[in-house]
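Presented below is the structure to which this report refers.
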Amino acid sequence: MDADVIVIGAGIVGAACAHALAQAGRRVCVLDARLGGATGAGMGHLVVMDDNAAELELSRHSVAQWRALAPRLGADCAYSPCGTLWIAANDEEMAEAERKQQRLGALGIESRLLGAAELARAEPALRAGLSGALEVPGDGILYAPNAARWLLAQHAALVQVEHAKVEAIEDDGTLRLADGSRRTAPQVVLANGIEATTLCPELPIRPKKGHLLITDRYPGTVRHQLVELGYVTSAHHSDGDSVAFNVQPRPTGQLLVGSSRQFDTTDLAVEAPMLARMLQRTLDYLPGLADLNAVRAWTGLRAASPDGLPLLGRHPWREKLWLAVGHEGLGVTTAPGSAHVLAALMTGATPGFDAAPYAPRGLRERA
Amino acid sequence: MSDQTQLHIDGRLVRVKAGSSVAAALRIAGGMGAARTSVTGQPRAPFCGMGVCQECRVQIDGRRRLACQTVCAEGMRVETTA
Amino acid sequence: MSGVAIDACDVLVVGAGPAGMAAAVAAAASGASVVVIDDNPAPGGQIWRDGPGASLPPAARQWREALARHANLRVRSGTRVVAAPASHELLLEDAEGATRMQWTKLILCTGARELLLPFPGWTLPGVTGAGGLQALIKAGLPVEGERIVIAGSGPLLLAAAATAKAAGAQVLCIAEQASFASVAAFGASLVRWPGKAVQALTLADANYRTASRIVAAQGTAQVESVRLRQGSREVEMACDRIACGFGLTPNTQLGQLLGCALAGPGLAVDALQATSVAGIYAAGECTGFGGSERALVQGTIAGHAAVGEAAKARAHDRERARWDAFAAQLHRRFALADDLKALPRPDTLVCRCEDVPFAALSACTGWTDAKLHRRCGMGACQGRVCGDAAQFLFGWTPPAPRPPLVPVRIETLAGLAAPGDARQ
């Protein structure tokens, strides 16, 4: 097959891009080095995030796209419409919950405030003394590795996936592979997450390491994805190490526990002190988890851009190259939305929402 | 000191030789000593006998532990998911 | 929340089987402070497991007594190693709480686990490992009057049969997959180790069959019968239990977590039982399956070496070489036949924790693919049982282990964040 587009990376973003391009009739060749990245490491939380207008727009469109896809996804994609509870630990956070409700409501996104008593009924495992929560019922969870596979399989005649490592992108957009061969297509999409800077060092992407832990099966302990409202502060305001309360009920009955952020280390080893800090924060909200058994811990590297928004669009100077990178902790959430925007830009269609905030920016000057 | 130990398994009183494992007690309690139900709904009983396979996970006094590696204690409360 | 206690010793021995007991006693004799940790309820490892159904041989009792004799030697049973959170420190957990154990020298005597290969019906209640059945009986499992079939490979089958018979069970058949020629050659070689020859004679069983292997365990809610292949014919026999194990595989997870190199399936060690990591020694089955005599002498060497007594250590070189030769015989004569890879049917579960069938795995490209896309290895056994099976069936090498090394209470892991706690 002569490809119209080559997509580098078969993670959730690359898979979504291939799917969107195939939907537009393009023949797509996906090259994956099988290094394994954030797709296999992250939580798969489909969450509307409203730190800024552009993030809200992208995430809400994308979460809605996931909801629409959900009935067709295979059972092993484990989609669950469990919703998110943003937990307010005190009056100040409760006020933030109210403001959040306003912001979401302005865009027609349904949410509901819970007071302390109602929160305790909704999630009995939470400690006493919390102020309440904002429930966002449209949020959900997904098992990303199988969702990526599902997306790649939907247009089998048009999408081909190959195990291959791209070593370099030449000046004319030709791809040189590790086995010495070369590939070329009229358009190339770079969607390989944290590895993007090995091919394009000019990209302003930094690794943000995160720890995760999963328990044995304890069904019914937690019903919604639980996130502290202080998560926002942790995610975007500091350059140092930070942890935030973030727990997901897996359909298996296991509890998936995050989250932590460390900048600029690429060492994937589980660091016991960091894991401990994250778990201390978890026990602050769910003290009963102390007696539950953890069966596995791992880490992943989020690909973070300076302003927290992905880079979606044409590379400013490299021939044929389009970017879908820098998704940080929202890669699974925003994969369909990102793919929608990028595929529109690549095919000359009009995206369903303003693509300007995600236009590639901040690239280091070429030598 | 008695050479027998009494414990509760799924609410039933079971008597075992002192020093017996909870895995042995499950069998003495009845049936084939199943400890849990598998992901696809089948009964599972202790298998490797040495704390590796995790098939014998049961709740013991509120914590999930391995029956084959736990010695019965007087008054212990064991709950299976078989 | 209780927080994590802090403890320390000069020599930390992980495992209280023959190797660990020998290492601890040798090290303690120097006056060094020694702590032995072991995840079983009492010292003795697998071969000398204590319990109401056990009958400990004199050697086992002597070593238990030796452990108790040194005031500078402490034993912590029922204790699991969870992680290595800092240099020269192991995070331990037991039923009561957790401890950060600081050590100067470390001796890994983590033993071996049974190789449990999947076959149709292997998840039925009533199917256990062969060593597994032996362990369960020693811990008090009643088997009186039960009809038991033992299968798989290795001298452990005979030992398990003996334990079952002593407990009043009827052993219908012992199905050894190795050929008659192999087993006969092994028996003949025992003339070099007269003690083992005598042991073999006492374990001899009229129902022992070579070139025999399990085909399937059958039954609805539990074992009701077994199908065996003996030579070219298949036989079926009604039974109550099937105890099936295919030899032993070294427990190297902790060693690998600490960065120790492997030699084949076991931890690599030099003449002083030192691993590739300074300050860490290894002895016994975790360096490769070889039997309790070899474990004892390796443990003694490691114990002396760890406290700087190289000359005392090397005095045991010849004895170790003698048992190395025995180990070589074991490996050679009981090697597993390739056709055991045909044991599972497409619907035979390979991952017991997550119920993943053979057909699902044979479509995968490797261990990571199988885990990420089919959940194989995502359960509580952390890929130990299915990982061994996948390595045998497909040649997949599992990745290096991550902490936690065993399922562990969240409060134990969280406790590392608390400021330094009271000394033990």
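In order of appearance the chains are A, B and C, and numbering begins at 1 in each one.
Rule of thumb we're sticking to: a residue touches a chain if its C-beta (ideal position, glycine included) is under 8 Å from a C-beta of that chain, and two chains touch if they have at least 3 such contacts.
Remember, predicted model here, so these are calculated numbers, not experimental data.
Enquirer: By raw count of C-beta pairs in contact, what's the busiest chain pair here?
Expert: B-C
Enquirer: Taking the mean of each chain's Cα atoms, which chain ends up nearest the overall Cα mean?
Expert: Ranked by how close its C-alpha centre lies to the overall one, first comes C.
Enquirer: Between chain A and chain B, tell me the centre distance in angstrom, where each centre is the average of that chain's C-alpha atoms.
Expert: 42
Enquirer: Measure off the straight-line distance from the CA centroid of chain A to the CA centroid of chain C, and report it in whole Å.
Expert: 41
Enquirer: Please compute the C-alpha centroid of chain B, do the same for chain C, then give the distance between them in whole Å.
Expert: Comparing mean C-alpha positions, chain C is 21 Å from chain B.
Enquirer: In chain A, what residues contact two or more other chains?
Expert: Answer for chain A, listing residues that touch two or more other chains: 216, 291-293.
Enquirer: Listing for chain C: what residues touch at least two other chains?
Expert: 379-380, 407, 409
Enquirer: Which positions in chain B touch two or more other chains at once?
Expert: Counting only residues that touch two or more other chains, chain B contributes 39, 57, 63-64.
Enquirer: Residues of chain B touching chain C in their complex?
Expert: On the chain B side, the touching residues are 16-21, 23-25, 27-28, 31-34, 38-40, 42-55, 57, 63-65, 68-71.
Enquirer: Report the residues of chain C in contact with chain B in the complex, numbered from low to high.
Expert: Listed in rising order, the residues are 39-41, 46, 50-53, 78, 95, 113-114, 116, 123, 125-129, 131-136, 139-142, 221-223, 352-355, 379-381, 384-385, 407, 409.
Enquirer: Help me check something: in the complex, which residues belonging to chain A touch chain C?
Expert: Those in contact with chain C are residues 36, 40, 76, 145-146, 149, 213, 215-216, 269-270, 272-273, 275-277, 279-280, 282-283, 287, 289-298.
Enquirer: Can you list the residues on chain A that touch chain B in the complex?
Expert: Residues 216, 252, 291-293.
Enquirer: Going by the contact rule set out above, which residues of chain C touch chain A in the complex?
Expert: Where chain C meets chain A, its residues are 1, 83, 85-86, 91, 368, 372-373, 378-380, 382, 402-404, 407-411, 413-418.
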